[in-house]
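Dropping the structures in below, format is structure tokens.
Both complexes below contain subunit A, partnered by subunit B and then by subunit C.
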Partner chain A sequence: MAVSWLRQLAARSCVPVYPVWGEHDEALLATLVLSTQIELVDSPRHASVLLVVGEIPATLRDGLKHVHDQLPSPFAVVWFRGAPLIALNAPIHVDEADRLVDTLIRTHRELMLGQRDSASRLLPDEPPNPWEGLGDDGHGGEGMMGGTPYGRPMAMNMQDDLRDGLTLDSLTFRLGPFYPALPSGLCAEITLQGDVIQSWETRHGALPQRLAPVFYAARERPVPIAELELARARYHLVQLYRGLHLAGLERIARHALSLARQLSTASRLDGLRRQLVRSGIFHLAAMDGGQLDTEMAARLGGPAARAAGLDADLRMDDASYQRLGFRPQCRTDGTVRARWEQRLAEIDQSLQLARQAEPDGLHTANTEAVETPRGPWSAKPPQDASALLDQLLPGLEWDEAMTLIASLDSREVAETSGRANI
Partner chain B sequence: MELLTLVIILALTLSAGLFIQAWPLRHQPQPSYSQRIPFLGGGTPDTHAWNRYHIRYYPMTLLLIAFEMEMMFMYPWAVVFVEKGMMAVMEMGMFLAILSVGIVYAWREGVFRWQ
Partner chain C sequence: MIESLASLLMVLVVLALGPYVVAVMDRLVATAPRGALASDVWLGPLSRAAWLLTQHANATEAPDWQAWRLAPALYLALAAVGLALVPWSPTLIATDLVTSVVLWGSVEALATVVIFLHGWSANAVLPLIGAYRYVALGLSYILISMFVLIGAALPAESLQLTQVVASQESLWNVVRQPLGLPLFLVVGLGLTFWGPLNLADSTDLAGGTAAEVSGPSRLVWECARAVMLVAFSGIAATAFLGGWLGPWLPGPVWVLLKTLFVLALLLWLGQWLPRVAPERCVTLMWIVLLPLSFVDLVWAGVLALWA
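Coming up: the complex of A and B.
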């Protein structure tokens, strides 16, 4: 009776969903985050439904299996516009965006009420490193250290410490490809000494991102500047959401996303900016780090380059933008704080440009080279720059590293817009 | 006797509570090995997480103990100070000098620079 009552309560609760983002664009994120019945969680251990969005490349499917198996029972997997793993029987597959939330809620209800069986595990139920039973504490060696307990070695490989010379055991592991604080697809082998990153080797770059369709259209024909600039501001607001979510400022993060969803030429950034200042995020010590040199900034392009003082923006070459008196805004520091301030300034600037261009229905003049919110796209779209992290992250503490990654947009831009409204 | 009765009642209530809580879960399988590995977003660890880790506030705690010992000794010292006179002052001076060496050393090592 009591269990039945608890089941009923659980079935009515918010659906804890762990999302795995394949190739997609950002429109779906706002739908899920702003839904009152869905809660996107940061660990599969808190989720009852694993949502796999878009296609997952074959090279990342082992990582997906690990994440899949870490959901507590009972759980289910919903595949949104992607081919399910072959090992699964009777997968839940959704193609229409407007059916997704309902499917997630229904799946959760069925799981909680016992009307649906939990998905089966994909990996064998065997210890990855079997117990060897050696040593006083069963850790496989003599004394407190040494040996290979459960077949896995102790963290004993000494490396020179980067911070203050106090050498400790270094801890090596592979993070990603579906770690929530990293861009989807980014996979790295990391060695930590305490909370300091000793080394960071990017093993797999982030998955390409799809921009709003208007950016792809702008490469083929003149498009309304108002529409283009609103899409640009929307993109920056979504990036802002990710940074704020990472910082734990969930309420402001949702505000940013809700603003992105309802963005129009009448929108104002003042309220959001006020909340950001009051939250004190710009005074975090981690905001002072992550300085890019000129070469790195040029390689990244876009707002990251302008935040480091590079006066580069393809909109300057467009006759229509020249008519609007466009001048790129720049910072000089190239730090994490400068990048976030740059994004806020560019959102404001885009809204201003959209307001100026809307009454006359001004269209872009240049279709050969388009300044995307990620960077310039002339001959080819902005490329993946995840390898920059290998140089930037060693020596940083973990919180500084995650803040830096959130401020950098290193993902490649996909050549085509793919399916609409993904 | 009342206390013993109370302890027995509490123990029985606690046991019954735990039993009632565990009864519906008796058929639930143990989490699989693949579920129990550390969550690394799909990645795997090379080594155990059982390693020597430097808690960075450790020198600060040692410094706190240095000051605390000083105060712990000073209270009883203040009680006998009038009776013992100059001898107590010298003893306290020696004690403070030894502690100060530790504090000065910690200062040189940068304990007061909060990271």
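Coming up: the complex of A and C.
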């Protein structure tokens, strides 16, 4: 069958990919975002290819099926270093990172040219709960109010408003586990009034994250400080990318990721910092809230704790860092703004430490306790702190809440490094 | 008769080419000064449109189908009405109403309804939040727009856009009323929910009112937003940059150049400014920009009396 010119043209388009992140290291993100042929999208409705990275725990597979079935036809699924769901026929599986982009492009083109069938649906196309057509208007309640049509409560003003006393209908729904503005795996039941969060109940914590291999190596043997600090700066730049993408500053976000990818001891943060200040993000975005108290800050550890004024950093106990004159940098107010400023300061500090340590090939001296970019790792790695969101988010507007989550980094650190992605 | 047909043709040409021009310019602005692959810049928008045309339009659970499908078309129709109001020359204009400024004001007001409809009718949470947010924003920017446009109409003593242009023969409004164009640009970003004022279709809502839309419906929605940007730029060029007025070149060329200038400015703002937090946005509108629009109006009134 002759392929229409429309499909041939569509086959040349940038590949819209919706990523579902299992356990992975962050290097893969830069590969995808900086590819001119790939576009990572925020909604499965906007994708042609679903990319599943790493293993997805059994508890989240239902969530994955829901995401899978939201992609409009024609679509395909690419599995990167993870076992495909049993229900799928002829899955596309990739193990090598350098083949991933090509595979995504080829898959999209095959779909557009009709050389590959669209993936089949995994769930029945019917409401998750039966219609409960009671009441005068068949909506399931009494009069014009209430009821649970399709098993979900109608929007009702069941709770007092937290903000200004103007009570609106409350809306309860579940978000996650693969919502792009949340850490992968995080799932919550949320009640909103307007766009103000009335309640946030975490139902499933975020999946553990894998750090760069050098952090795991640092737990076993002395490693070059320059390498460790560059990996730390890279980690913070990736977090910065997420925050900037969320804020709609895609151009500067890509700059941050590009800097992370090419990072060396000769790199400078000045250009990126200048762009951030000129964009006005510290004044225009919702950065005044999200204040952590001392207990919360201590529980999170790492940059979040230092942004709240806690002078805690395991590098202070390392003789090699002491030789370099290391002193942790701290902020005081523990807000979203303080956390982003803290990250920028720590990137600068890491680059400076790497430059100091590189000429002598200075190695770490302490393998018992390692300060990871997420927090301290002595007896055990930093633990999942998603439950803190239940206290922090009620009362915030949606935008404030998402900005706070992006600044917080509450994920657990995986105990093993797995395989490096690139 | 010929001029009526020509002006209608202009509207249709801009409707057809506007989305492509906006997409290309946005990519150029996004990649400047480093530059991108030429094929991606020029062919990218076309191949993306082709992909959206081949993608199926999805369903949500019990949407209001008619409203959901109609909303993008209605937004496009409103943008077309805006385009029809732009005078390309003293005679080359599709709709030269004596109340064309008022009609543009109604386009802005109706856009709020249509954008809300787009988010509400999907019967899904994230589009609904985007829709609510837009209503809050819409109420804020429409008042600013009203005062600023009345200020632009005062020197002309007319609500007819051709008269507004003619009144700028000696001095363009951008100079005569220095607050006018900057305030009106904020209105433009709000009306098209672009860049810093993209609260309706934002990343924190996974695309907001368009989060659940795919295929041809999404293409129409994106085209409508782009055409609205062009229509707004045309109105801004008319009201503040002297429309067809200018030396050497024919009037329509001046309108085109000025429209592209405003468009590039909006796209640049969209690339370089972060999304403003909704609460901060509304505060900024009511506490800072609305009083400034009063000042602009008083300034324009005093100048008109003095003249």
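One rule holds in what follows: the second predicted complex is superposed on the first by the 389 of 422 C-alpha atoms of A that agree within 3 Å, B and C clash if a C-alpha of one lies under 4 Å from a C-alpha of the other, contacts with A are read in each partner's own complex, and residues count from 1 in each chain.
By definition in this document, a contact is a pair of C-beta atoms (placed from the backbone, for glycine too) under 8 Å apart; a residue touches a chain by one contact, two chains touch by 3 or more.
For clarity, every value in this text was computed on a predicted model and none was experimentally measured.
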Touching partner for A:Ala10 - first (subunit B), second (subunit C), both, neither: second
Contacts of A:Ser279 with subunit B and subunit C, given as first, second, both or neither: second
A:Cys187 touches, of subunit B and subunit C: first, second, both or neither? first
Partner chain(s) touched by A:Ala83 [first = subunit B, second = subunit C, both, neither]: neither
Which superposed partner A:Ser43 touches (first subunit B, second subunit C, both, neither): both
First, second, both or neither for A:Ser73, with subunit B first and subunit C second: both
Contacts of A:Ala266 with subunit B and subunit C, given as first, second, both or neither: neither
Touching partner for A:Leu60 - first (subunit B), second (subunit C), both, neither: first
Which superposed partner A:Phe173 touches (first subunit B, second subunit C, both, neither): both
Residues of subunit A that lie at the interface with subunit B and also at the interface with subunit C: 43, 45, 70, 72-73, 127, 150, 171, 173, 175, 179-180, 194-195
Complex interface listing, subunit C residues touching subunit A: 30, 36-37, 40, 43-44, 46-48, 50-51, 53-58, 61-62, 125, 128-129, 132-133, 195-196, 198-199, 202-207, 211-215, 218, 271-280
Residues on subunit B engaged by subunit A in the complex (per definition of touch): 24, 28-29, 31-35, 37-54, 56
Residue ranges of subunit A touching subunit B (in the complex, touch as defined): 2-3, 43-45, 60, 62-67, 69-73, 121-128, 149-150, 152-157, 166, 168-180, 182, 187, 194-195
Complex contacts: residues of subunit A adjacent to subunit C: 6-7, 9-14, 16, 36, 42-43, 45-46, 48, 70, 72-74, 112, 127, 150, 171, 173, 175, 179-181, 192, 194-195, 244-251, 278-281, 284-286, 397-400, 402-403
